[in-house]
Structure formats: C-alpha cells, structure tokens
Amino acid sequence: MKNNIVTFMACDCDYEDSEIVIFGAPFDGTVSFRPGTRFAPPVMRQESYGIETYSPYLDRDMEDYSYSDIGDLDLPFGNKERVLEMIYSQTKEILEDNKKPFMFGGEHLVTYSPVKAVFEKYPDLRVIHLDAHADLRADYMDEKFSHATVLRRIWDFLGDHRIFQFGIRSGTKEEFEFAKNHTHMNRYSLRQIDQYIEELLKYPIYLTIDLDVFDPSVFPGTGTPEPGGVNFKEFIEFSQKLKGLNIVGADVVELSPHYDHSGISSAVAVKVVREILLVMSNGYK
Amino acid sequence: MKNNIVTFMACDCDYEDSEIVIFGAPFDGTVSFRPGTRFAPPVMRQESYGIETYSPYLDRDMEDYSYSDIGDLDLPFGNKERVLEMIYSQTKEILEDNKKPFMFGGEHLVTYSPVKAVFEKYPDLRVIHLDAHADLRADYMDEKFSHATVLRRIWDFLGDHRIFQFGIRSGTKEEFEFAKNHTHMNRYSLRQIDQYIEELLKYPIYLTIDLDVFDPSVFPGTGTPEPGGVNFKEFIEFSQKLKGLNIVGADVVELSPHYDHSGISSAVAVKVVREILLVMSNGYK
Amino acid sequence: MKNNIVTFMACDCDYEDSEIVIFGAPFDGTVSFRPGTRFAPPVMRQESYGIETYSPYLDRDMEDYSYSDIGDLDLPFGNKERVLEMIYSQTKEILEDNKKPFMFGGEHLVTYSPVKAVFEKYPDLRVIHLDAHADLRADYMDEKFSHATVLRRIWDFLGDHRIFQFGIRSGTKEEFEFAKNHTHMNRYSLRQIDQYIEELLKYPIYLTIDLDVFDPSVFPGTGTPEPGGVNFKEFIEFSQKLKGLNIVGADVVELSPHYDHSGISSAVAVKVVREILLVMSNGYK
Amino acid sequence: MKNNIVTFMACDCDYEDSEIVIFGAPFDGTVSFRPGTRFAPPVMRQESYGIETYSPYLDRDMEDYSYSDIGDLDLPFGNKERVLEMIYSQTKEILEDNKKPFMFGGEHLVTYSPVKAVFEKYPDLRVIHLDAHADLRADYMDEKFSHATVLRRIWDFLGDHRIFQFGIRSGTKEEFEFAKNHTHMNRYSLRQIDQYIEELLKYPIYLTIDLDVFDPSVFPGTGTPEPGGVNFKEFIEFSQKLKGLNIVGADVVELSPHYDHSGISSAVAVKVVREILLVMSNGYK
Amino acid sequence: MKNNIVTFMACDCDYEDSEIVIFGAPFDGTVSFRPGTRFAPPVMRQESYGIETYSPYLDRDMEDYSYSDIGDLDLPFGNKERVLEMIYSQTKEILEDNKKPFMFGGEHLVTYSPVKAVFEKYPDLRVIHLDAHADLRADYMDEKFSHATVLRRIWDFLGDHRIFQFGIRSGTKEEFEFAKNHTHMNRYSLRQIDQYIEELLKYPIYLTIDLDVFDPSVFPGTGTPEPGGVNFKEFIEFSQKLKGLNIVGADVVELSPHYDHSGISSAVAVKVVREILLVMSNGYK
Amino acid sequence: MKNNIVTFMACDCDYEDSEIVIFGAPFDGTVSFRPGTRFAPPVMRQESYGIETYSPYLDRDMEDYSYSDIGDLDLPFGNKERVLEMIYSQTKEILEDNKKPFMFGGEHLVTYSPVKAVFEKYPDLRVIHLDAHADLRADYMDEKFSHATVLRRIWDFLGDHRIFQFGIRSGTKEEFEFAKNHTHMNRYSLRQIDQYIEELLKYPIYLTIDLDVFDPSVFPGTGTPEPGGVNFKEFIEFSQKLKGLNIVGADVVELSPHYDHSGISSAVAVKVVREILLVMSNGYK
C-alpha cells in the first residue's frame, strides 16, 4: 500500500518517463519587505486540483504529456550560498537526465541556480524574464545575491542583450539606465514580445516568471505588489506566442500564499504553470 | 408593530403588486471544490443597502418599478432531489401568478428548476448563460445532477442551439466538443452577444449568470476562481444590449461570501442584480 | 528518484512496518451550517512540520514508534452512502492487517464507518466521544445519517452504556433525555473521565475526538463554534489518563481550516493527534 | 405570500403576544478606536440560526417562551442627540405596552436611552453592568455623551450605589477613584455577584452587557480588546445566579463583526443573548 | 539622540525647506456604510517603505525634490465642526508659509477645509475631482456636511463650472441632474481630461482624489466599493497629462485599510501619492 | 514645525531625561516556520494608542515615569552577524548613558545582543526567560545562532543555573535533558516564580519575554503557536511578583502581526510592555 503522494495536478508520470520535471525551491531568505514565498509550492499543488487539465487556449490537455513532480528541496535555512548550491545540483541532475526542469519558487533569487545550470548545457541560452521589478541592482544593502539583484547576477555570466524583460515597472533610476545598454527591457506590458520572436526562435530559452508581473488586482498574493501590471488575458496572448520556442527550463516564483486571502493568486499561478507546461511540451506520452 | 423585514434594496412592494419576485435558493450541496454559496442570499440583501437605486448606465431607478422579495426557501439539507423539487414549485407558483422569478443562488445546479418551470410555460424558451465553466458534462463523478452538469441537463429538455453561452473558459475537451454541435458557445468574452440579439428578440429568454464569469480580480468571492474572465465594464455593455429582450426569468448564482474578504464580490453581485432587474422591468408601478 | 511524498510529521514508516495507519476522509457533505472540513487532512499534514516529535507531557518521541500515512481517500462527491462504504472498507483492510486505524476527518459522520469496522473485530468495544454536541438525534431534517446523528447510529449497533461522552454542551432537550438512559454523558468538561477509567481498562476502546469540544477561543476553526468548551491543558490532563487503555482505533474530526485564520486550530489539531498517537503506541520500532 | 422576515433565532411571536421585545440600535458614532459595532444586529440574527433553542445550563427552551424581534431602528447618521432620542422613544413604547425591552447595540452609548426610559417606569431601578471599561469619565475629549462616559451619565440620574459593575479592568485613575465612592465596582471577574444577590433581589434590574468584558481570546470581535477578561464558563455561572431577579430590561453591546474573522465572537454574543432571554422570561407562552 | 520619526517614504526634509507639506486628517465621522478611513495615514506611511522613490512613468525621483511630513492632526472625536476648523487652520498655515498642502484622508468630507483655504488664497481656483460618487447631494440624512455632500458644499463657494469631475458612476438621479448645469461631470473614466487641459492650464488647481474612483478589483480597501471604475494604467495616463498644471494643493482620501487584506490598496494609494507629488513639484531641492 | 514623531503610548520624554529607553529590532531572518516578526515594532506603537496609561493591577500610571522611544534600528537585511552587532552597540550605548534598554523584537535571536551587553555591565546577571520553547539547542540546521538556540548561546557566557525559564512546553528531548543540569526550567506555567523570588532579589535581572509563552487563544499572532500556554491573568500575577526586582534590561519578542487578524495579540503585547515598564520603573519623573 502506497504512501501519500502529492503532485502538481496529480501528474503521475514516473521521473524516468517524464519530459519535464517539476520541483519546489521554498526559500525566501533575502526578501526585504514581506516574506512568505516559502509557502508557495505546497499551496500550488493543493490548488491545482481545482482546475482542468485541458487548456482551451492551446487546445492541449496535460494528460497527453509527461510530467513528474519530485517535490520540494529540503533547503538549509539561513544559508543562502548552500541553498543556491543545492538548487543548482538538482537542476544539473535533471538536465543530465535529458529532462527539462520546471521550478516553483520561492523568491526570485532561486532563479539564479537553474539558469546557471541550463546555461552550462546551452551556452547560447536566452532568458525571457517577466517581472514588475528590474532586479538589476549591482547589489542590495551590500549583498551581491538578493531577490533584487538576481537578473544582474545572471547577466554577469550571460552577457549583454541576452535577457529579454517584460512588464517592468519598478526599479531605481540606475537599473533603468543599466537596462538600456545591457538587456532588452520592455515596460508595463508583455505585448512587445512580438518584435523578438524571430530572434528567440534561434536559441534555447529559459523562461522565468515573477508572478508580480501581474497587476495586484489579478495577483494580490505577493510580497511587493506593484500596481500597473498585466492582466491574465494579456498573459494568455503572450504564452500563445511562445509556441515553437525551444524552452529548455522554466520557473514561476514569488507567490506568497498568506497574502492571498481569496485564493485568486494561487488560481493564477496554477494556470500559468499549466499553460507554460503545455507550451513547453513536445511529444505525446 | 411589524416584525423585522429584510428585502433586497429595501424593496417594499407586496407580492401581489410586483412584476418581479425575488427569492433565494441557498444550496451548495454538489460543489466539489470550495463550498459556501449557501451563504449568499442574506449577504446580498445586506450589502444592497450600500448602493443607489438609480442606475446611471440605464438612467432608470428601481423606485419606479415593482419588486418583491419573499426571502429564502428553507431547503432540506442533503437531499438534492427534494431541493430541486421545492425550487421548481416556488417558481411554478410565481409564474402562475403571472410574475417573473428572479432567484439568488446557491450553486449553479439550482438553475435547473426555474428553467424547467419557465420552459413549461414558454416552450420556445431560449437561455442566455454567462459562466466561466461550460457546465456541459454528461455526468460528474457519476452524478447526473451537479453544478458541473446543469446546462447539459437543461439541454436535455431544451434541445439543440437554444443555449447561448458567454465567457466560457474552462471545461473538459469533451464539453468544448459537445458545445460545437449543440449550443452557441462563446469563449472568454460577452461581446459576441451582438451577433445573436436579432434572434433572441424573437423568443422569451431565461438569463442565468454564474458570477464566476467575472475575472477573479473583479469577483474573488466564488468557489472556483478562473482567471481570464470579463470585467465589470464589459458586463455593463452586455447588459445594456439586453434592453428590449423579453426576459421572463433570471438568476444570479455562485457568490461565496466567505472568500470575499473585502466585500467587493458582493458589491458586484448586487449591482449585477440591479442592472438585470432594471432591464427586465416593463412598466412603472 | 522519488515522487513527492507528504505524510503527517514526515513519518516515513512503510505501511507494512507500522503499528498505526493514518488516513484522511475529507468529506463534509451533511454539514448544515458552515462546510469546509473537507480541507482538513492536507492542512494537518502541512502544519505538522511546525511541531516537535517529542512530547514533554508523555516523555515520548514519535520517532521511537512506527506510523504510516497512506493519504486521503478519494471520496465520491455527493454520495453519502458510498462515502461511508469506502471508509468502512479502508478501515477493514487496516484492521485485517493487524494495524490500528487513525482517521483525519472530515465531518463527524465519517466516524460511523471505522467504529462499525472496529466493532466487528472487537464486539465488546467501548467508544470514548469528545464533542461539544451530543450527536444523538434520531434523525436530522429527515436524514438518518448526518453529522448530528452519528453517535445515535453508532448506538444502534453498540447498544446501551457503551458510549462515554465528554464535553457535551449543545443539543436538543430530547438528546439530553436520551443520553440519560442510553449513554454515559458528561457535560462541559473532560475531568469526569476519572470515574470511568477502571471500567474502560477492561475493554478495547475507539476514541473519537470532535475538535469542537475545545472552546472556540482555543479552536476557532470549526463549523459550529460552541462557547464554553475545554482548554488545551484540560485535554492534556485527559490524554495522560488514557495511558494503559487499549485504544484500537481513533479519529480526529471537524477541523475547518478556512475559519482558522491564524492557524491556531491546526496547531491544536496536530498536537492532539501527536498525543493520541503516542498514547496509543505500544512498542518501539 | 409573505415578505422576508428575519428574526433572532427565528422567533415568530407577534409583538402583541410577546413578553420580551428585541430591537437593534446600530450606532457607533462616538467610538474613538475601531468602529464597526453598527454591523452587529444583523450578524447576530444571522448567526443565531447555528445554535440550539435549548439551554442545558438552565434546562429551558426558547420555544417555550414568547419573544418578538422588531428589527433595527433606522438611526439618523451623525446626529448623536437624535439617535438617543429615537432609542428612548422606542423603549418607552415597549415599556408602555408592558413588555420588556432587549436591545442589540451598537456601541455602549446607546445604553443611555433604555436605562433612562426604564428608570422613569421603575424609579428604584438598579443597573448591573458587565464591561472591561469603567465608562465613568466625566467627559471624553470634551464630549459629555460618549461610549466612555455612558455609565457616568446614567449615574447622573440614578445616583450613588445603584450601579453594580463587574469585570472592570481598564480606565483612568480618576474613574477608579470615582467608583470607590459612587458605584459598586468589581474588578476582573463576575464572581463577586454573590455578595450583591440578596440586595438585587429587592429591586427591578436593568442588565447591560458590554461584550468586551470577555477576554479577547473568547471575544476578539470588539473595538477595544482588553486582555485579562472573563471566559464563557464564568459568564454561565454568573447568568445562572440571576435566576429570580426581576430583570425589566437588558442590552448586549459592542460586538464588532468585522474583527471577528472566525465568527467565534458572534457565537458568544448569540449564546449570551439566549441565556439572558431565558433567565428573564417568566411565563410559558 | 532622536525620537522615532516616521514620514512618508522617509522624506527627511525640514518643514522650512519643503515645497510640499504632507499631513494626515484621520477622520471618518460621517461615513454611513463602512467606517475605517481614520486608519489610513499611518498605514500609508508604513507601506511607502516598500516602493521606489523613482517613477519610471515620469522619469523623476522623489529624492530630487523637497517634501516634509508633519504627521496627523489630533482631531477631536465626534465634533465635525471643530474637525473641519482644525484642518482649515492647518492648511491656512501651510499656505501662508508659501508651501503646498498635501493631505491624506480620512473620509472625503475632510476635503472641504483645504479647498476653502486654498480658494481664499487663489480666488480663481479650479478643482479636479476623481471619484466613484458625485458627492453633490444638497444634504444627506438631513446633514449639510457629509462625505456625500462635500463637493456640493465646495460648489457653494466656488460656483458653477469650476469643478471637473472624473470617473463618476454612482449617485442619485438628482445629483446627475445637478451636475449637468453646475459642474463638468465625466462618467466612468479619466480619459475625458484631454478636453479640459487647455482651460485648466490657466488656473491654479486643487486636486482631490477619492481613491474609490479605482475599480474595486484594483482598490478593494474602501468603504463603499463601486464596480466599474478605472484601473491603474488609466490613472497613470491621467497623471502624466497633469504635467504643467499649477497644482497648489491636493489630497488623497478614502483608503480604509481594514478592508485591504492583501495590502494592494495601500500599494495603489502610495503610488498615487508618489506620482502626484512628483507632478506637483517644481524645483530641485 | 515638527516632523511626525511616533512613540510607544505617545511617551514624549527626551532620551536624556528617560530612565528606560525603548527601541525596535525588526529582524526575523532565522525563523524556520512562519516569518513576520519584523513587522512588530511599528504595530506595537500604533496599537498602544488604544490602551490606558494607568494600570489598575499595579496602581501606577506611565505618565508618572520617564520613557523614551528612539525608534527601530535599520538592520542590514540577510546579515545575521551584523544585525547582532548593531543591536549590541545600541544597547551598549544606552547602558553607558546609565539607562535601561527595553527592546521590541523581532524574533528571539535578537535577545542575544542586549543580554550580552547587559552581562558585561552586570557580571552577576540573572535572566528570566518566558517562552513556549526551550531555545536550548546546541545548533539548529547546522547554524549556531538561531531563534532556536538563543538561550543556549546566552548560557555559553552566562553559565549554569543563571537562566530561569517559565512556561516551556516544546523542545527536543535533548533540550529538556540539558535544562535539567544547566538552567532552572519550569514547564507550562509561570507560577513557579515564587520559589525563586528570594534568590532573584539578590541580582540584577534581564527579562526576556517570548510572547508565544501565552496560549495561542490569547496570542494567535506568532510564528509557531504552541497550545497549552499561559493566559493573561497568570501573566499579571507573575508580573506583580516582579516588584522589587532590579530589572536592568528587558525585551518582548515574537509578535507576528500578519497572523493577528483581530488585533488581540497586539493588545496583549502592548499591555505586557506597559506592565513590565511600570514594574521596572524606579522613580517619578
């Protein structure tokens, strides 16, 4: 008789047979305003039972593809360096098994590790970055590694013009200046994706979605709500345009369930994951 | 000295003198995810005191028309069949008195009974259905009568192409397939109403509004929030187009007040009712 | 690589090696006031990570005993009869494997099935019942099987003077009358256990704890809060007196997490389970 | 066909036939900290459906006595003087019809009016006052009539040693000094009632219960929670001692439902009302 | 060593050196539905630490301008007349020091006083009014001064066609009639500002923003949520059009933090203030 | 004109003239379960306006003594070592000015620094420790400095039998074993203080109160609620026994306001501070 297994949308594929591998990185140790994203992965699994496996937007059904969910990493508390190391190792292992990693955060700093691991496998990697915040600070309160610096740290190894940012509406003046010369920064909206699609089709892609890219009306459950974001329909249009891209890794971060009193943010998070999983999937199982 | 009377927007018309009769059907017995719509009718009455009787959208005032509110049915708990029977009887009685029923749910299954009663009086009835979900399953967890099957059960007696669905964005693949051949299903929006108005003008209409047709940002207080819905302005445009239709019955269902921490869903529900009541009303009192 | 396993307090014993087997029965279909106990079992597992495995009250540590957690039953929605049947089968199986069942509810009606199964194995069974409510109605709104009748249904097969009730403070006059002749009913407190211990030592015991026996200040997260209940220290004193009893089955029911905004009810529920598990355990693993 | 009638515990006695008449005074205009008691009366009616009419504490059933509930006064907003005048008139009318008034507040200032009216009918009136706060200020922010001065204003016409205060634990030094010479003030507890019972048996009694007399753990839903209050069992003991007193009027004030997220305060309020109604009732209907 | 100073966005300019002076008017005494705006000013200060001083919309940084925050007025409770008088005196003083007042409400009635003071200094003043409600009643429940009459009271001294209203979607029929002849009323949106800009450039402007002009999805934390409002992007477009206007005073009112469970309304309020402060500022410090 | 000063209970003493100096240490960086104590100090100041300065328990009034509140330390995020260093420096400075430090946490780890500084001034220091948790782990997840190890780290420099623990009810078996030989550990209650008073009168005392020592019914607003704690009356009895002790420093930690939906925990925290401040105060100002 089996032990209690809890997976995203009850996906029951074995690790070996899966194209995409889901895991959680429940860490929020560098958050400066409201912590709580550590609670997101279990909530996302729980809430996923309320939605359908079929997407009318993509006319695809999750039951036709192969996902496994290996649960959450048991991250050592209060040790940022080892946290990043463990996430890195996990992603590395998934990539070596020729599977695609899909990570549930946690705060945005956790994105550093899978992007690094994926970059080592795909040196011509491009990153698509959805966020309210630029996350391009050189440092934050004298810390190099922080939720507010993570894209800057990724730029350190990725280099110029390989990060494509959408929905950005908050940052210091310096971050906006930096972006002008080093990333493709697009403000307030996801619609500008059109002009980059042709280029993005040429490269392997890592997609990182900071859910605070959504307007707080759509997604209140996050640590630093920034009014002026995108709505769900705009996201759906965006996600449909990703069809055909070679997305080799992805994450969805910054759901903070304790600020999500009605559960609407979890509902958004779960549907975002469904759409991205479906758009990333290549073959029927 | 009178007992404590609580009616929607303090409408004080006697039953005998009213054109439209409001009643509540506080049942949520077949809900699979989050129950709680049983609490909606009293909350809607309570919240209705916060809004004006005058609609600037329609330039009409509720005080110029005649409504009565006869309170909630005392539904026998845990007996779905008798619940449907009691709602049916209540609607039948209202119709026999040549009045129009307006029901506050409860979950969507309760819609079955008034539509049946109204259909028996108006055999050429058409149903306008606003919802996030198709509600067209043949059965749900082996149950024939469920919130997830209610439009299919209505189709059983109404037949093909008499159900006009708007805002649909969730369902199984089978439901979407079924709709292609048997209903007029319109996805994600209410705007497609334009193409049907001419036809709808010819028939008596029953209007059923599952409030989860709204985006969860607009209406968080519901059991199964589905991102990607309509906003309030789109609803107002829709409701204004109903002017001139012969709406002979209506309901508003699936408000779940315990998930409505700020009361914004109740505020939407109450204004939806006001607009529909005003657009259904024919004569000054 | 393993799938995501979630068990109570991360107990990792295999089913085969365990003395006690935990499972969830997430059903709240007959609740008349506030539903929501269906959400309890996953919340109890999640919250259990916040407490220690060591009980200073009993000077015992869960790590020294053998528990398995086989997850929640997938109960067919809206079909009370089949729900009871499935719980019965599950308990039967656990008993046949010579293990003790420990069930997480759900509403109190679910208790009917394990008590029946345990009674069939142990015909001289006694039931200890902690509750705010007598649950002794002959029927409730014409339904025989309901959260409000469950102890009466158990009495039907168990017979007179075999149910020991504690903490009772709500019921109809008829229920209190019935109790006088047919059960051992003790009001408002758990302290009266002292006078029964000698007798209870002679028989196998099923222990059912409706968590609303606690005062709502201690345990707000329940459907029908009844002021005037017991506090946690009184429960601890009670549970220590159970040492030496032959408890062959147990359940903890009526946690409704959506009314538990601060998580204090879950914290109580989880500690109640820890104490009862420890007091039921016989041998080191 | 009747309009929607909503009464406390569905009491359906006509005004004419009732011994006790319930009405609401939803006013919170002088509250200095957290307003919201204006919402209490409808919530108390709604929540009353969750409890039994039978009290095991008193072995009495509400169904055996005669109560009517005439709903809430429609108090003119922002005009304290006229509010007090209207409550006074309502109480006067009830008293002239030889019935006993039972008022649901609102804030504590509303108590002024019924005590005045009752005093005019019963010049030897005594007042029993349960509260966390002394409410004996000479004025509050230069206002004579305020929630913080109400017992002082009552003392103005009632005179020395006719107010019996219990549970008091907050006030200025001056209030505590004043009480020493002018009222019977008892701190922190209700148990001191014993020493006054003999005296109180000689006079008509008005009972005013500020629900913040309860500890905030028991009753969080109030504007100014004061730790160190009484628990529900202490209240039950207190209320049982009132048997035999000639209570000619009563009120229950200061429930603020928006701070009562789990509904446990409403549950307490409703049971307090049930117990007091039962202890005030003289004859079977 | 200094005492604890708390200012909006930690602005640390001395009063003497500041161009704009912030102060709070925490009064909600005439609110008829849900009170609580009295709690707004401290919450706005606290939440302001979560956002950046740099606005990407205006490409301006608050650190380049000079603001002081002198805290909240200590308003005498329950005395509307003196409250208005004290706010008037405070504004007068700021204006005499040749600074611009920026007030945090409180309810909308508080706007009366600064507009009066500003009008006395600038007799050709125009008022821009963002709101869901017309606030043009002649009186409200027989009260002349109320949140529902405040613009009518301002019209009393300002005269015809000097009030420019945007976003209005609720009021009595009479208010809408009144507006036709006496104000510039624009419904449902802020976009109509375009047609007035040329005229407004000629006059000193007072800008009053009732935050319920936003849709409740964007801004749930208010006393009377009115669906059908504007979103944040529409506000940003509006605010950018104000560049060049001579705004000599402003306020932001009707945030009710206790209905803002996720903090998204505070986040909106704080960004609205930032944008208006930046657009009002003339010179670098 | 002054900037906005916000102090505990509006205490307005200058630093120089104060006997006791209040400051906040808003750090929660090592919390493993639910973070959020970083938000406590501003909430405690805000809530303190709701209570009286006079304590009827001690018959003392805060207005007769001299306190200053210098606000919160601006702690560098994510750098535990520097956080502890900064708190240490602040306390050192206060002690050198011959004043007594009173710190608002934050999580319990922050207590390490003031105890160290006070110990350096008073080498015969004794520590009174109220808590649900032993906090005596040798390390926690391989970290030496953590909320779960703080008393062990204090023991490192203080030595055996100088820590007096009360209310303890959670810990590992090892912690309880350690306590037997090295501290005075008292379980579940504060009443055991009686047996130590005579000894404690001989030494300077540091008092650290982890507010989770209270039962979660009394104090839900904390990260790790542990049922079975003390109630407020028991605390009051305890605090009265401290009269005469030479308390040279104190702190109150672990209020987590986001789990305190009704504000009752803040109310407790604020009154605890008032009582301790009053009992620590020596001379009239």
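When the chains are written out, they are named A, B, C, D, E and F in that same order, and each has its own residue count from 1.
Everything below uses one rule, namely that a contact is a pair of C-beta atoms (placed from the backbone, for glycine too) under 8 Å apart; a residue touches a chain by one contact, two chains touch by 3 or more.
Quantities reported herein were computed from a predicted structural model and do not represent experimental measurements.
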Where subunit B and subunit E overlap in contact partners, by chain label: A, D
Remotest chain, subunit E as reference, centres from CA atoms: C
Reference interface A-B: repeating pair among B-E, A-F or E-F with over half of contacts shared: B-E
Subunit D and subunit E: spacing of chain centres that average the CA atoms, whole Å: 40
Subunit D: positions in contact with at least two other chains: 34, 215, 217-218, 261
Chains grouped in pairs wherever the two touch, ordered by label: A-B, A-C, A-E, A-F, B-C, B-D, B-E, C-D, C-F, D-E, D-F, E-F
Contact set on subunit B toward subunit C in their complex: 28-30, 32, 34-36, 38, 76-80, 140-143, 146, 258
In the complex, subunit C residues that touch subunit A: 1-7, 12, 14-15, 42, 45-46, 68-72
Subunit A contact footprint on subunit E (complex, rising order): 49-52, 54, 56, 61, 215, 217-218, 231-233, 236, 261-264, 267-268, 271
Residues of subunit B defined as touching subunit A within the complex: 33-34, 168-173, 176, 187-188, 215-218, 220-221, 224-228, 259-261
